[in-house]
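Each of the two complexes below includes subunit A, the first together with subunit B, the second together with subunit C.
Right, the complex of A and B next:
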């Protein structure tokens, strides 16, 4: 993992001292709310419905056991004993007192964490494939590049006041687990014909009220040009992006209104000018940062594990867990484990302090002290020996973290919604909880197979509903919540924006409606292997619309 | 300033406590507390204007932040916000919080 250097450490500590002073001046009345609000937002402090909320950056979703333990301690000491892992691989605490924030930031700094640039019109936390450095299908680990982007974008003076917030995602595998095509910049590591490492560059994706899939503006960007090219993109956006209308200020609108070809030409022109004055990434610096992400000391293991095979045979619960939550690793004899934060009837992405500590302990013992946060609001143990999987399953089960539902109907993404969020128009967590209760039967879940349900409590789409196979958008009409269903969305390499299937459903109706969609799929799929998304793409929305609305006609 | 609705309904003043962020209501005695039952109710548009002005003065005096008037429903001594959003602000999330024991069956 990346370690702070002296510059990082000094900078973060100075920033905390500065914010401590600002908080004191606010509480004493020296600063007004109008003066203070931008300062607190620059330090990740929002005001939500019930309290201040602190959003903590988890760069590219990578955490150490020591860091997770400190998050657990903060949850216990300053919050209500839990935290919420978000779709941006961050962690949010929902019940923070303003007066406590400087102390919390000091605790975070003790493990090289902070909340800088988790708000505001700047470059936000760079996200990455949560299987980075471990996935069997990976071309290269995306995290060194995410870290370079993090360092480059942290307090970049030119890009601190962009037209709007800016999100970058990086993946190192052809199977996109980081939803790169719905980011402002999506980077995919690739190799050219000569085997050189570089990036496919996608720009202008996003969700929110105007969902768009990113345009590919470069098929191959050499590795050494990464920062110069991103700088060129940001410069074009910073100059030409709209500032007259908040809802049209994201880069996706600029790319759309300009046209991808013309936008790409503007970037290339800026890039050509920049290349004259900006040095390419120095190879020794790339190597220095990459060294922080060097693979851990994997033992040489046979690909096949007798202990794993025996547990598969002897323990049906383990077999079910292995079928969904264990994923191929690039090193023989090892596996990646998804730690589900989606037990039935609980808020997606929430973990209690005790659960965080349990994961920290399990990671320390079985996964080289490393944890990942996925944008799907689960945790990941990236490097587990296959021989240890039965023990890891037992330990996770003890902490109620072994729900065998990764990628299934109950592995729902949900934003905090109207239960917490000041922007929300409807509740989303209760809908997620009721859906998990409806589909609690594991046999049924496994029979349904791969299915991504994503729920947002407002049009800002933090719950990624646009790219849910089944998306649910909560809205409000005449004081009542209602829910719009979209079908056929996808956030992976086959990225698609879901289509609205028809008029919305009341809170009382929405779970039945989703069940109708799923039953319709089960009735029309060619074979159990034909997933919901594949079947939807084959038959279109008509059968689903008919099943949902026939009774009303 | 909040827009006055076309049909006036009684309102209370709500805000968040500056230090803790907790939801508070302006009481009849001019103090702010989490107890909506103690809130001053403005029953006329003129009283609502006065109440909002007092709440904003409290913000300017750095006691609370983001003051606003919310419509309330009264049934005898019982007072509650009219809108779901404000109900949730007043009574908390509608879900069992993760640190709680497992929720009872609905």
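Right, the complex of A and C next:
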């Protein structure tokens, strides 16, 4: 993991002092709420429906046990005993008193954490593959680059007042677990013919009310040009991006309205001029940052584990967990474990203080003290010995964190929705909870197989419904909530925006409607191995539309 | 409007005639980019210094060749959240080698002073009373450790050998 040095520490402490001054000016009345708003947003403080919300940055979703324990302590001391992990690998506390924020920031700083740029029209927390450094299919670890981007973008003097927010995601594997094509910049590590590391650069993806898949503007960007090229993209966007309409201000609109080729040419021209003017990325600096992310001291283990095989044979509950929540690791004899924050009937992504502490303890004992937050709102233990998997399963079960549903129908992404959010038009968490209750039967979930349901409570799409295999969008008409279903979306390397299947459903109807879609899929799939998405791509939306609306006609 | 430069408030000796008013017979004058383009030869023929006032959406291409003859460029922030002037400042300093006064006008607020100075502005023309008072009383609380080099010409020290780290000496 990256470790702060004196410079990093001082930077964060100075930022806290600056924010404390801003909070004092707000509390004293020197600043109006309107004047204070952009200042608090720059430090992750939102005013929600009922209280202030504080969003804490978890850079590229990597946490240590010590950090997670402090988050648990903050949940106890300043919130209602829990926190909410978000689709941007961050953590939100929903019940915070403004006057407490500087103190919370100091507690965070004690474990090298902060809330800088978790909101505002700036470069947001950089996200990455949650299996980074562990995945069997990885070309290179994306986290050193995410960390360099984090540092470079922190309080950047030129790019702090962009037309709109700006999100960067980095992945080091061909299978995209970081949804890079729905980010403002999506970086994909690759090697050229000579084996040099570099990036495929995608720009202009995004969700929100105008979902778009990113355009590829560079097939190979050498590693050393990373910052200069990002600077060129940001400068073109800062100068040319629309500022007349908040809903047309994201870079995706600029790329779309300019045309990808012309936009790419503008970036290349700026990049050519910038080289030599801007901060270089010399190999020794890359090596210095990369050293922080060196693999932990893995023991040499045989690929097969007898303890694992025995548990698989003896314990059906473990077998079910292993089938869904255990993933291949690059080092023989090791595995990656998904810690599900999606038990039946609870808000997706919520974790209690006790659960955070349990994960911190388990990670310390079995995963080199390292935890990841996934954009799918789960936690991950990246480096577990296969021999230890039965013990990890038992410990997670005790903390109610072993639901064997990773990637299944109840592993739902949901935004906070109308229960918390001032922008929401409908509730989303209760829909997620009811869906998990409807599909609670684990045999049924496993029979359905891979299926991503994503729920947003308004068109801003924080719940990623556009890229859900089944997407649910909560809207409001005449004071009534209703829910639109989209089908066929995908956030990975086969990125696609879901298609609206027909008119919406009432809150009372939506769970039945989703069940109808799933039953239709089960009836038409070629084989149990044909996933929902594959089947949908084969047959299109007609059979689903028919099943959903035939009765009404 | 109070003018803040080099760590204190100073007398502003520049004149800013509106586009539809005649040029004053003498004195340092700064005009809009449109007027500069229209009356370029007359302006450059004056014996005293000339400046140009840019709006956030203006581009530099059509004045780039004349930059060395300008003693002032002022860029107006229509509102503090409009970040285009930061990029214009960087381009002026880093790409075009502009070394004369670069002044931030319009919605200049205390919480943006550090990025303004780091982007290459060296003079500020705040109208916000709280900002003016805070500058007078040296009550600006800001971050002095940075992860990017500032614009060319801004004096900051590198604390170590890492290429992007800089420390502001102090807020002027």
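Here, the second predicted complex is superposed on the first by the 550 of 553 C-alpha atoms of A that agree within 3 Å, B and C clash if a C-alpha of one lies under 4 Å from a C-alpha of the other, contacts with A are read in each partner's own complex, and residues count from 1 in each chain.
In this text, contacts are C-beta pairs under 8 Å (C-beta built on N, C-alpha and C of every residue); 3 or more make two chains touch, one makes a residue touch a chain.
Nothing here was measured: the structure is a model prediction, and the numbers come from that model.
> Looking at the overlay, does A:350 come into contact with subunit B only (first), subunit C only (second), both, or neither?
A:350: touches subunit B, not subunit C.
> Touching A:419 in the superposition: subunit B (first), subunit C (second), both, neither?
Only subunit B; A:419 stays clear of subunit C.
> Scan A:51 for contacts with subunit B and subunit C and give back first, second, both or neither.
first
> Counting only touches as set out at the top, which of subunit B and subunit C does A:176 meet: first, second, both, neither?
neither
> Between subunit B and subunit C, whom does A:97 touch in the aligned arrangement: first, second, both, or neither?
A:97 sits against subunit B, while subunit C stays out of touch.
> Identify the partner contact of A:388: answer first if only subunit B is touched, second if only subunit C is, both if each is, neither if none is.
neither
> So, A:376: does it touch subunit B (first), subunit C (second), both, or neither?
After superposition on chain A, A:376 lies in contact with neither partner.
> Would you please give the residues of subunit A that touch subunit B in one complex and also touch subunit C in the other complex?
None.
> With touch defined as at the start, can you tell me which subunit B residues reach subunit A in the complex?
Touch list, subunit B to subunit A: 16, 18-23, 59-62, 65-66, 82-85, 88-89, 92-99, 102-103, 106.
> Mind listing the subunit A positions that touch subunit C in their complex?
Subunit A reaches subunit C through residues 7, 10-11, 14-15, 17-18, 20-22, 25, 30, 38-39, 121, 151-163, 227, 235, 238-239, 243, 273, 277-282, 285, 288.
> Can you tell me which positions in subunit A touch subunit B when the two form their complex?
Going by the criterion above, the answer is residues 26-27, 29, 32-33, 47-52, 80-82, 96-99, 345-347, 350-353, 418-420, 424, 427, 429-430, 433, 437, 476, 479, 481.
> Write out the stretch or stretches of subunit C touching subunit A in their complex.
The touching residues are 59, 80-84, 86-88, 90, 94-95, 111-112, 114-116, 118-119, 130, 141-152, 159-160, 162-165.
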